[in-house]
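I've put the structures underneath this note.
Common to both upcoming complexes is subunit A, partnered first by subunit B, then by subunit C.
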Partner chain A sequence: MESTAREELLRLDKLSVDYPVRGGWLSAVSELSLTLFKGEIYALVGESGCGKSTVAYAVTRLLPGSERVDGGIYFEGDDLTKLSASKMEKVRGRRIGMIFQNPLDSLNPVYTAGRQISEAIALDGVSRLDARDRAVRLLRDVRMPDAEKRSRSFPHELSGGMRQRVMIAMMLSREPDLLIADEPTTALDVSIEAQILSILLDQKESRGASVLLITHNFGVVAETADRIGVMYAGELVEEGGAEDVFDRPAHPYTRLLMRALPRSSKKAGRLETIEGAVPRFTDRPRGCRFRNRCPGAMDVCAVLAPEYKTVNDGHRYRCHLERTGEA
Partner chain B sequence: MSDTPAGLFLSRSLKNVNFMIGFIILLSIVLTAVFAPSIAPFNYDEPHKADRFTAPNSTYWFGTDDFGRDQFSRVVYGARITLQVAIVGTLIQVLLGVTVGLLCGFYGGAIDRILMYLTDVTWCVPGTVLALAVVTVLGKSLMNSIIAISLVNWAGYARVVRAKTMSLKNMPFIETAVAFGERRPIIMLRYILPNMVPALIVLISMNLPGTILSTATLSFLGLGSQPPSPDWGLAISQGMTYVTRCVWLGVFPGLALVYTVVGVNLLGEGLRDLLDPNIG
Partner chain C sequence: MRTYYLKRLSMGALLIFSVSILVFSMMHMMPGDPIDLMVDRRVSQDRRDALRKEYGLDRPLITQYVDWAGKILLHGDFGIAIRTKQPVNDQLSRRIPISLKLCGLMFLFELIIAVPLGLICAYKKDSWIDRIITNISLVMTAVPNFWLCVILIIIFSVKLKWLPISGYEQARNWVLPVASGVLGGVSGTIRLTRSETIDAMRQKYVVTAYAKGLPHRAVVVGHVLRNALILITVLMCMSIPWLISGAVITERMFGIPGMGHLLINSIVMQDYSVVQACVLIITTLTVAFNILGDILIGLLDPRIRIAQTEGAQ
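And now, the complex of A and B:
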């Protein structure tokens, strides 16, 4: 593991996000602390509705505006929660790039692909002509077939995978130190998915960019991530190096997630599922948030929220249960 | 050709009867206005003392008036005034309405409340009455009547643009623009505005007949163009004086006005089908 003096890039310090709902606040993210180092891919994994996207939107400050945010988001020394709107505009794109889940509606329908990318490049004062050339080069970098011709296509003339490439090219164009990819491959098929992930890997290897990869798909994580954080109901329940979490999952939720993976079922047969759905909490509940779905729930789980337990350097989980070998 | 957006639009417009008829009518008016000096046999204010109140004949196709001026030439030159009304009026309305609508829809909050209050007040005062008041203050002239009508009609643009802005501003591609660091005024002008151009074109073509008719009304009432202008509205009011003896004096400018308004209406109807299935 690359544990020697890693430089910190992004640190979330007890980040909580609550959305207003009738009669109180819905706790979407609760006291989440995590650190992202330079040049690593950190995967945030969890089911739908567990708050992973909210984390991404909180970091880029793209939340709707009615929410309540507590805690700190430190990015290269700045607390992003305290930056002015105009300073935040300079952080977005230039220092933090964001790739969205839905490439279908995420491009401006009235501009060609090349124009959208050069628009992004021109934000750094590059002349339009140079920007056009670079846009085509970027499209080649993201392996757009027939880049020159496609740069003159409008979004509706491109396929989903091509649109996601344009989106990624836009975000790469300003070479941000941190790329946040919010389920970048969810709307795409498997072969395109692999290519998109390898583009992200490229970014890490060629220029040391960090990636915060948000996904519900453990399969995506396996191939790309250096470290994994598992989220459940707004909390980080387990975190560690990719191999540690994969080979020795400690939290019962992580284990259940692994078993629900199609390829991990050793015996042929039906896929395993986790019963129920992620509960939603208004106000912050006592006790463990996973207890109603946990196969090993105990009395203590209802009254006391578990503390983090450390398995080894960097691998920690949050449960009352002691680790009981492989699940 | 037909696989590009422009080519597709062209082949669809050729099949739209409303659009084609409206387009041809409008084109004929524009050409008449541009080539008025070559089309009109006489100058519009050239009197023929010997031929006063002549009924339409082979020399004076639409007859002559009390000064012996050729009515056909006057109707032809009148097209220029109508075109001027259409262009200048629309320009003022769009400029005002789009600015207000964009600001309201995009920023919301206090800006929205104040500007929308203004818009609603303008909206609920009867148009002609407000225009009369404005003309009374500014003075009687064609330009002032155009300004007056525009100060009444911009509110319609503001409301539609505001609604459109509010829906566009929540589109994912706006989020993308914010995420790659575009500034808010740029987002408004380069992302939201271009996306409502089709709706705007439809809106303009639907508002145009109203603008032309209202301005003609003011001229008819003597508050717009002043003699010897060949303005159609003014010509109708002058023709009214002699309506029992020389019916052609009012009929031909009136027909010209109807022709124009029908043309623009058809064009608007066609454009709406072609560009924006969601409006109206």
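And now, the complex of A and C:
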């Protein structure tokens, strides 16, 4: 880990998001606090349904509108939860870019790829014509084959990987300081996945952008992330430098994940290998959210939610157990 | 693409051709002799034969059909009305502009009223204003058009005496007929606009549009409406034939001497050549608007444009 003083870019302060469901409120994200520094890639990892996308949508204020949000989202000094709608419009795309999970539904079927990218560029006062040229250049930057021609294609004429490149070009186009990538490679095959991850890495290295990389695939995390946050059932259960979390996981959940992970193949890196499913909470439970699946659960876990324990600077986990030995 | 439209066009032509055969044979399959419709029973057989010759009714049916269809195709000439013994075209040319005006006004007002209301409902979904509009339009759908005409006449002409019952010379004559047509058609369009817009709002690409920083207005116009309007435009275009057939009743109820009025009168009087002309014109319009709808949807939606291109190969 770098020893230089790191500048904070995004800080979530006890962020909670609840969705209205039959019978009450579903706690999708619960008191989640984390800090993202300038120029780093932070991977948010967790099983399907643990609330990763909800975090991403909360930061960009693109949640459906029926939800309840608590806590603060501080971005370069502004609390995004308190910004006016029109100020928030100026944050999106320009200061925070967001790459979505599904690249097919996420592009408008009636506009060409180039048009959808240049529409974003034109927001910064660039003329339509220049914007179109820049769109083609961006497509080339994200290694779109035949960029000139593809910029005139409609989304349904492009493959999944190409669509994701369009999406990425669109979100890079205004050079945001923070890129949120919500499972950018889930639907893609391994070679394209590697390319897309290297594009994200390049953003960090060439212009110091930060990336919040959301994934349920530990394999993706290994080569890319500087730091890792592990989510379980809406909570951040462990956080630390990538090596710390990988080599010395402290939380029982993370350990299980690591044990289930032969690090080579992509498929095996998926997090579906632990028994049981993530429970959904329609009320704030008293004890630990992981206890029904935890091999080390104790009586206290049922009544008292654990506090964070610190392993070393920046490496913390949330469990009643003291860390013992290696996983 | 071109092959696709050629295919659609020839299908349309085939349909019109079949309908033309149907309406043509209708005249000859009806019980009784067309001559009976022209002249009194007491007219002598010689005179009848002469008439039959004069109108070409003694020739084989095929020849008659070719003659009839050829005149329509080449000169737009629908022949002579058996009953009134006037050229059908004269009657049509007086009445078609009136019908066009009626249908045009109905379509225009339907558009101006329904689309904005549907949009309001979509954007204020589940608010009191949405509930009121949706419920009223639901009730309106259940009301038959002729009944609506009667109600309007009773309220505004008979009771309040604000508007005339019939006539077509002044602007105020048109208020009730247009209103009845619009009220009948508007609810479907409101609900279509509402559901299409709500559907478009929910799409992921709308979230993407916000995510890249587009202002709300630009998202609404450029992404939500742009996509919602595809189906609205096309369905409205394809609904025009319905509008025209609905106008038949409206014209009759309000005594507007348009084509619908002519059609009904001619049916009652068994004036076949006029009926044939009207039915053929309405069929052709139906086919034309359907093809127009097809072309429009291809223009508006590139996915369909591609499918049309591939489908034709």
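As a working rule, the second predicted complex is superposed on the first by the 316 of 327 C-alpha atoms of A that agree within 3 Å, B and C clash if a C-alpha of one lies under 4 Å from a C-alpha of the other, contacts with A are read in each partner's own complex, and residues count from 1 in each chain.
Note that in this section a residue touches a chain if its C-beta (ideal position, glycine included) is under 8 Å from a C-beta of that chain, and two chains touch if they have at least 3 such contacts.
As the structure is a prediction and not an experimental result, all values here were calculated from the model.
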Legend entry - Combined model on subunit A: subunit C and subunit B, fit or clash: clash
Inset, instruction - Pick one for A:Arg137: touches subunit B only (first), subunit C only (second), both, or neither. - result: neither
Inset, instruction - Return first, second, both or neither, reflecting whether A:Asn102 touches subunit B, subunit C, both chains, or no partner chain. - result: both
Inset, instruction - Identify the partner contact of A:Arg174: answer first if only subunit B is touched, second if only subunit C is, both if each is, neither if none is. - result: both
Inset, instruction - Classify the contacts of A:Lys309 with the two partner chains as first (subunit B alone), second (subunit C alone), both, or neither. - result: neither
Legend entry - Touched partner set for A:Glu89, first subunit B, second subunit C, both or neither: both
Inset, instruction - Would you tell me the residues on subunit A in contact with subunit B in one complex that are also in contact with subunit C in the other? - result: 60, 62, 86, 89-94, 97-98, 100, 102, 105-110, 119-120, 123, 154, 167, 170-171, 173-174
Legend entry - Interface residues, subunit B side, partner subunit A - complex: 5, 171-173, 175-183, 190-191, 194-195, 197
Inset, instruction - Spell out the part of subunit A that touches subunit C in their complex, as residue ranges. - result: 60, 62, 85-86, 89-94, 97-98, 100, 102, 105-110, 119-120, 123, 154, 156-157, 167, 170-171, 173-174
Inset, instruction - State the interface residues of subunit C toward subunit A in the complex, per the touch definition above. - result: 203-205, 207-216, 222-223, 226-227, 230, 300-303, 306
Legend entry - subunit A residues within the subunit B interface of the complex: 60, 62, 86, 89-94, 97-98, 100, 102, 105-111, 119-120, 123, 154, 167, 170-171, 173-174
